[in-house]
Structure formats: C-alpha cells, structure tokens
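Which chain is which? They are A, B, C and D, in the order written, and residues in each are numbered from 1.
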Amino acid sequence: MSYRAGLDELFVVELARTIRDAEVVFHGFGSPCATVAMHHAKRTHAPHALLIEGATYAVNPSPAFIAPSSNDHSLKRGSAYSMRFEEAFDMSVRGDMDLMFLSGIQIDPHGNTNVTAVGAMPNPKVKLGGGGGGCNMSATIGRLTLWTTNHRSGRCLVEECDFITDIGHRTPEGTRSELGYPGGGPDVLVTEMGVFDYPEGRARLRRLFPDVTLEEVTAATGFEFAVAPDLAPVQTPSRDQIDLVRAIDPLGVRRREFRPAELERSFSL
Amino acid sequence: MSYRAGLDELFVVELARTIRDAEVVFHGFGSPCATVAMHHAKRTHAPHALLIEGATYAVNPSPAFIAPSSNDHSLKRGSAYSMRFEEAFDMSVRGDMDLMFLSGIQIDPHGNTNVTAVGAMPNPKVKLGGGGGGCNMSATIGRLTLWTTNHRSGRCLVEECDFITDIGHRTPEGTRSELGYPGGGPDVLVTEMGVFDYPEGRARLRRLFPDVTLEEVTAATGFEFAVAPDLAPVQTPSRDQIDLVRAIDPLGVRRREFRPAELERSFSL
Amino acid sequence: MAVHLAPDKLGELETAVALVQPGSMVALGGGLSARLPMALVRGLIRAGIGDLHVVGSAHSIDVDLLAAAGAISVCEESYVGYEQDHGLAPAFRRAAQEGSLEARESCCDTILTQLRAAEMGLSFLPVHGVKGTDIERLHPEYSRVTCPFTGHQYVAVPPLAPDAALIHAPIGDRQGNLHIKQPYVLDERFAVASAMTIATVDRIAPTDEVAAAGIVIPYYRVAAVVESPFGAHPSSSYPGYSYDRAHLASWVAAARTHEGAQDYLDRYVTGVDEDGYRRLIGGDRLEHLTGYGASDEAWMELFR
Amino acid sequence: MAVHLAPDKLGELETAVALVQPGSMVALGGGLSARLPMALVRGLIRAGIGDLHVVGSAHSIDVDLLAAAGAISVCEESYVGYEQDHGLAPAFRRAAQEGSLEARESCCDTILTQLRAAEMGLSFLPVHGVKGTDIERLHPEYSRVTCPFTGHQYVAVPPLAPDAALIHAPIGDRQGNLHIKQPYVLDERFAVASAMTIATVDRIAPTDEVAAAGIVIPYYRVAAVVESPFGAHPSSSYPGYSYDRAHLASWVAAARTHEGAQDYLDRYVTGVDEDGYRRLIGGDRLEHLTGYGASDEAWMELFR
C-alpha cells in the first residue's frame, strides 16, 4: 500500500500543471524537467497541446525515453513533422506561442533571469552557459513558466541579477509595456521549495511543497515577497500521475537538475 | 547542302551569347526564348553556369522539351535540387545572381521596362500581365539582358514608358546610383531587328540581323539612339547551334513569342 | 496566424469556403499553371462570396475566373495571365480596364517580404527595389526607412497577413497536414502568414503516408481540408496530373467577351458542383492528364 | 555568399581547413550534441588556425575544444555547455573568465535575424527583444530603428556574413551537395549567409542518392567537401550514429584543469590525424554508437 514519490516527480507534475490544453508549448534545451512536464501534460490534461520538442523542434513526438541531450533524435520519435529553426523562432517572436519554460541561475523579483554570468561581464566570476533564444522569446511569448531547482542555495532568487539575459516584468529600463513587449511575461515560478505567481509583476508565494515551511523559503529568498492569502501546500499528484512521470522518463534525466539532498525528499501518496 | 534557320532560332542563339560561363542565370516565367537560350548556353559555351529554371526554380535541369508554361514539372527533369521561392529571390536581391533576362511591352532608351499597363493606371487602355519579381530584381541583379520580339511594331521601343515596372539605368527619380541600386542594369537588348548595348546607360545599336537595315530600325524605334562605330550583322550561328535549338525546344514554344511575319524570316547557313 | 488544433478538419467544400468572409484578404496558393486552388475558387463563386482582396505572385485562371465573377475588389498580384502561350487574362484585364477591380499590382519579392514581416511579427520590413518605379505609386501604404548603420534609404513595406490562404495539395490527412511538391511558390509563407489555411487535396491519405512524402504545411496552420479529386484542374497537381492546356485555351477564347465568360461560369462553375465539373470535363480527359509520366514523349504530347 | 561552381570539390581535411584564414569569422554547424563539425574543429586546431570569431546558436564541445586550444578571440554564440547532463563548458568558461576570449554572447533569434539580413542583402533588420536586457550592452554594433508605420522602436542588428561555415553532414556528393536530417539548426542559414561552406561528410555518395535523401545544402554554397567517417564524433550524425555521452563526460572531467584539457588535445587532436582519432576511440565503441536503431531499449542504453 505504501507509495512514495520523489520531489523530482512532484516537481515535474507541478510544472505540467502550468500547461493548458490546446496551447503551443516550447522549452528549448537543457531543461529535462520541462520536457517531462510537457509530455506529462500532453498525456493527461492537455491532449490537444502543440508540443515543440526541445532543440529538435519536432511537433508532438512521443519519445520512448527522455535523452540527456535535448536535440537527440530519439526525442523525435512518432513526430510526423519537425519545424525548421526559423519556423519555431518566428512563431515565438510573433506571439503564436502560448507558453515557454525558462530557468535561471539567478531570478529577480520581477522574473528577470540570468543565465549568462555570475559577477560582472566581460570577465565574470562564473561564465554560465548562455541564454539560447530566451532574450528575444521572453519578450513576445504569451506567458512564461519559470523554474529553478536551486532555490534553497540562497543564490538563485536574488534582489538583482548580475546580468539580465531574459526579460521579466520590468528591468531598470522600464516595464514590459514601456519597452513595447507584447508577451505576458512570467506567470508562475516553480522552485524545489514552492510556487510563486506574479499578480502585480512581482513574485508572490502561492504554494509550498509539503515538507517546506514559509520560514525556510524566506531564508532562502534574496528578495522580499508577498504571500498569497490562500497559501497552501502543493497539491499532491495521484499515483497514476507519478507512474506516468516514471514511464515518460525511465532514465531519470529529470533528476540531473537536482542536488542530491533534494532527491532524497520523498512523499507518501 | 542547303540549310536554313529561322529568325526565332538566330534570336535565341543571340540571347544565349549574353550568358557567360560559371554565372548564375535566371529568367522567371513567360519567357520561352530565354529558357531555350539558357539551355543552349549551358550545353555549349557555359557548361558551369548555374541555371535557375523559370518558375520551377529547379537548378540545372535538362528537360526533354520546353513546356509552354514555365512552372510545369517537366522543366525540372534531371535537376537534383530545386530552390525555394525565397532562396531564389534572396539570391537575386542580395546580388548573387549574375544575369537575368527581362522583357518589356514598352522599353525606353534607359532600359526601363513596362509590363504593367499601356495607358494610365488605374484604368489603363490595356492592362498587361504584370512584372513578376522584376521590380526588385532589376535593382540588384548583376546585369540584365533585355529582349523583345515586337520592335518592328514601333510601339515597344518608346521614348517614355507609360509605367515603369522594372528599373533600367535611370528613371525620372534619378540614376541607379542615385537610387542606391547595386546591380549593373541592362547590358544588352536583343530585338527581332538587332542588338543594342548601353555604353553610357543609353541604348546604342550594335548589331543588325542580316535582313534588317539601319533605316528600318530607325523607323521602328521611338527614341534616338547612337550607332556603334563597328555596327555589323549579327554573327550567324553554326548549323550545330541551330540543331541544338531544335533539340532543346522540339515543341517550338519559342516561336509563340513572334508574330507570324517574323517567323517567315529565314537565313541560309 | 492562430493555430488550428482540432484533430479532424475534413469537411465539405461548401463549409470550407464559408470560412471566407466577403471583403476579406485571400491568398491564392500555387501559381501560373500549377496547383491553383480551383475547386475553392469555384466554390467561392458558387457561394457568391465577393469583394475579395486577392494576393499572390504570378497567377492565371484562378484570378481570371474570380474577376469574371465580379468577386475581386483589389488584386494585389505580381502577374495575371497565361504567359506567352495564351497571353493576357481576358476577364481580369477587362475588369482592370473598366475599373471594376483595383489592380494594385505588386512584385513577387515585395509580397514575399510582406509575408515575412507577418511571419516574423514585424510591423515593417525594407525591400531593395520599388523606389523610382511606378509600382510604388500604386501603394500609398508603403513608406521609407533609413538604415541606422549605412544611411541607405529603403522602401518600407507593411506586413501582409491574409485572412485566409487557399491551397491545393495532392495529398493531405484529415488533421490538415499537407504534402506538396516543389515549386512551393509562396504556399509555405501564405500558410504561416495567414489567419488560416483552407485546403483542398486530391486525396485524403493516412498521416504516415503524408509524413513519408513530406509534410510541407503542418496541420496547425490548416482550418479545413476538403477532398476534391482534380481540385486543381485545369491547372496541374503533380504527381497526379498535368495541366489542361486545351481547357485553358478554351476559357481564354470564351472569355474574350463578357458573355463568353459568363457562359463559361454558368456551365462550369455555377451550373454544377465539383462532381458535375469532373463529369463535364470528362473522365477520359482527366485520365489523359494523369498519363504524363509514361514517357517524355507522352508528356510532350499533352502540350502539342 | 559567392557561389562555388567547381564540379569536384572532394579533398583532404588539411586542404579544406586551410581555406579558413586566421582571424576570420567562422559559423559552426549543428548544435549541442548533434552534427558538430568536429573533424574540422580538430583540423583547425592541428593547423594552428586561431584568432577566430565563432558564431552559432547552442554549442558544446566544438567551441570548448577551440577555446582550450586558444583558437577563439570572440565567441558569439547563444549557449556553450553540456545542458543539465555535464553542465558548464570548462575550457570555454575558463577562457571567458580569464578574458583570453571575448564572450560576446548573443541570442538564437538575433543570430538568425542577422543571418537573414545577410541572406536578404539588407544592411539591417529589427529584432523583437534585446532592448532592456544586458545582452544589448555586449553588442555596441547594434543600434535602434523606428518603424515608419507604428513608431515602435526596435533594436536594429547588422547582417552577419561569416567567412566560412563549417558543416558536417551524413552524406554528400563530390560536388558538395549535402543531405542532413532535422534539426537543421542554422545550417541552411549559415550556408547561404557565409562566403563559403566547408563540409565534412561521413560518406561520399552518388548525387542520385543524396538527391533521393534530400539535398538541404546545394553544391554552389560549398567550397570544399571532405570524407571523414565519424567526423562529428563525439556528437551524433544521424542516421549514422548517436552521440558519445561517455566521451563527452571524459572530456568535461579532463578539462576541469588547464592541464587536463591540454592532455586531451595532445592525445585526441594534435597527436593524431582523423584515422588515428578513430583508432583511439576504437572501432568497437564507434560501432556501438551506430546500434541505436536496433530498439528503443538499445538506444536508451547508450545514455544510461
């Protein structure tokens, strides 16, 4: 009777919940949790979603497993059509994509993200990988689901990013509307501790994972944040939902996003 | 021993002579004489030319015959690769095409052409077919070979076009360089009476078909033109060259560009 | 440019053409003698949907029939005619000369650029030519823009986002995935830049077959798909059939007078449905057009 | 963007890489774990061709090796790393942090737009984003442009026309026609926007075979083609072989120190030619990577 699910499994189900049916959804590369979440949503509550598979740009594939690299051909399995690079990017910048997943090594209260460098460019303390297409896409896509698996470190959710790679609700140069950006910006931020929304363009805590307290979140967060009046635990997925996560990602590629200590967290369903 | 060639056959060989080897050559649609000329050049003096086949955009095909419509699939035969529409047009507007063939219902002394309307738009006396891509392409392509089979009518080579569809060496708004156009403009004009060049951006008579006199050309031409000091007859093609025209175009589609009287002209080789 | 995610879009021609509103901007797929959306054109005429702003590159009987039916208010094409073979388009020409349609003639490359602006979500794009020609005068909606790097002044054109793209494909599936052969002409661009694509296919095929042949226009661009055998006739739809040169010639001859054009419309368009159209053309004739592949000689004979 | 019309361009790797001038701008084909032009990268390092301005979208060991060899002066990519699997690119990161290369980081869509400007022969194009981000500060060559229709101010970017595009394809012919599988990433755009394409192929094939598979990059864009089996290793070149996850892991581990990276270069790059490289990797290992297609399970096992 005992059935336990890992934090990684709850996490991807929580990401999946941010996808609505009959939407166009994209994530890009380096984001196995988002990949798993997209397939999870497509096989549960969002069967008509148009999934664009990572850096393969395959439409609606049903891969047998999630590969550790997001443009491996195994991820194209079952897809009748792959977009060209330019089709996918045009679609995003003209506003035809509803949702993109975006992560950040640093994320500020406005949802700006930094994946370029820690410390000052051009010779930073840590040169990060870089932003892919996020710099333009974050300006125009319908809405963004942000995520991080590194909230607890205290170094991710910061008052100010060292470098703004992707645009949130406002930068020092102005708000999205002042900058002329049509997209809606960050809608949800899922961390390994809880879930934020952006009711006034600023992060507000909405949900906590069942084993996390508000005090822990406050301690790990580098900016002040409001707390939703209905703050509650993250809704626990069903066993079927967890089974589906495992079926989609038998290699457990999603787990590579988490520190070992987070992977030891488990929840009785 | 007697071997006679038609004016249509001499005409396409004369067009073919304007193609150099290892060039990128294009004509578009509605131009069977240019089609035949391209294939003639490719099979004789320009084996390395890159031919873009009419409105099929097929690269270097070897059709068994020339179809009466320039985007019929029969024209793609033997081509390993067809350009997309946008590849062909990008190639032309960035200046990667060396030569385009262009015709005109009216052609002025600067080489501007009108294929839009006789009489004043919007309700002209005769609404012509239209210019296809010429309006942009004539601005940027390396050089243009103009042609007409309607010189003798007196209505084609005119002092001023009723409408400038495609750009020559200067329009009332300025010269090509004043307008900022990188292409070289019209280089040669082949008519059923003779051949003009554009030494100072203005048509100059250079060659006459053997059965045509300077007086006839002057009478048929609506603008004053210089005459080259070495005015001479068009060089007569070899029998092999004429045989090749017939082999390329067994349906005689090229002949549909000429009035019946012109088709009766023949030349002993 | 909305996406169309319904799993089954197969329907009747009448329902499909009813998606086109009178007064809307309609992109015509294919070009010249190839893959013209003729069943949809005939369907629009039967339904009396008019006041259309048609856009495209180089076209022929599709525009000419719509013009004969008085269904076009603005014609923004780069060419309308039958090349050197049958010459000018009689009905289009008559309508333009009389002023019953506005010939807002454009250039293939300008239209391509305007569609790209729509695809790229940009409110303008520069073009290379046009400046100094009379085409610019036909388009008061164009402007000028100066390059911030070089100072060069380009003609600037606005995006072109048709309300509907009408496209004929040899095969497609029920969801709307379409396979076409090159030349694609502007069909890919139309399908992306338009609010919806309305498609006819010669044959509905399983998705696997369409995918193996190559999906050129994906299902999410397509709002409706209609199975319409020989739906491109009298233009070609390779690999199915070649174009019907004799039929084009008979239309051009008939359309030299207003009355002749109306007789043609009565007989081949408003007097019949598509089944009736195919019967009028005749099974033998249609079969003949599919025989192009037997030999070069057989193909050539179609055009003799 | 010149055309390359020679009928036979098949040659040796050394001759091909010698077409790349020190100090030139080089586009890297493929991306992440797929179709990286590794044989050409190794060839450039062996030849000591440096001071390169590399451009591309999301890349990994190709940029990392060039960085380790000190061959990059400017890196204008949108991402360099090994995703969540192996993380940051050690040699690239070290060079960027030390300032021995300039990390002029860009965005996939901006690079696409700049390549399109080159393809379209335009001296600028607008992009949608960038404004308000710190990416703009890394690029003093960008400007702003105001739409003549809406008044909206865009970031304007100049064309990007690399001196050479380095592309690996599974098959190609002697003339340079190349077939690749999707994702094409930016390879089509690179091939058109660059002055020349330098290609490696796993196998030279007859033109008919390449045409039947589908020519994605036509011969006239290609200045040189080299037959280099497993020339993309350790990245993938489907349908031939999957990527070598273990080899990538061993490089990332080695490259954590400058010395480790140099040892790798000595052993796998400068100490051997491509024949020697394949022997070092081992025939069994390479054969193993070709076995992905046997079953989903076999494919998955490659990544366990």
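Quick note on the criterion: a contact is a pair of C-beta atoms (placed from the backbone, for glycine too) under 8 Å apart; a residue touches a chain by one contact, two chains touch by 3 or more.
Computed from a prediction, not measured in an experiment: that's the story for all the values here.
Chains touching both chain A and chain D: C. Rounded to a whole number, the gap between the C-alpha centres of chain C and chain D is 40 angstrom. Computed centre separation for the pair chain B/chain D is 42 angstrom, with centres defined by C-alpha atoms.
Spacing of chain A relative to chain B, judged by their CA centroids, is 59 angstrom.
Multi-chain contact residues of chain B, defined as those touching 2 or more other chains: 93, 140. Counting partners per residue, chain C has 121, 128, 152 as the residues that reach two or more other chains. According to the touch criterion at the top of this document, the contacting chain pairs are A-C, A-D, B-C, B-D, C-D. Across the interface of their complex, chain D is touched by residues 121-126, 128, 143-145, 147-150, 152, 154, 156, 158 of chain C. Of all the residues in chain B, the ones that touch chain C in their complex are 29-32, 55-58, 64-65, 67-74, 76-77, 82, 84-86, 89, 92-93, 116-117, 121-140, 163-167, 171-174, 179-181, 250-251, 253, 256-257. Looking at the complex, you find that chain D touches chain B at residues 1-3, 5-7, 118-121, 177, 192, 207-208, 210-211, 215, 218-220.
The touching residues of chain B, counted against chain D in their complex, run 22, 24, 48-50, 59, 80-81, 83, 87, 90, 93-96, 140. Residues of chain D touching chain A in their complex: 31-34, 57-58, 77-81, 83-85, 88-89, 92-93, 96-99, 102-103, 105, 107-110, 112, 116, 127-135, 137-138, 152-153, 181-186, 188-189, 236, 238, 242-243, 245, 292, 296, 299-300, 303-304.
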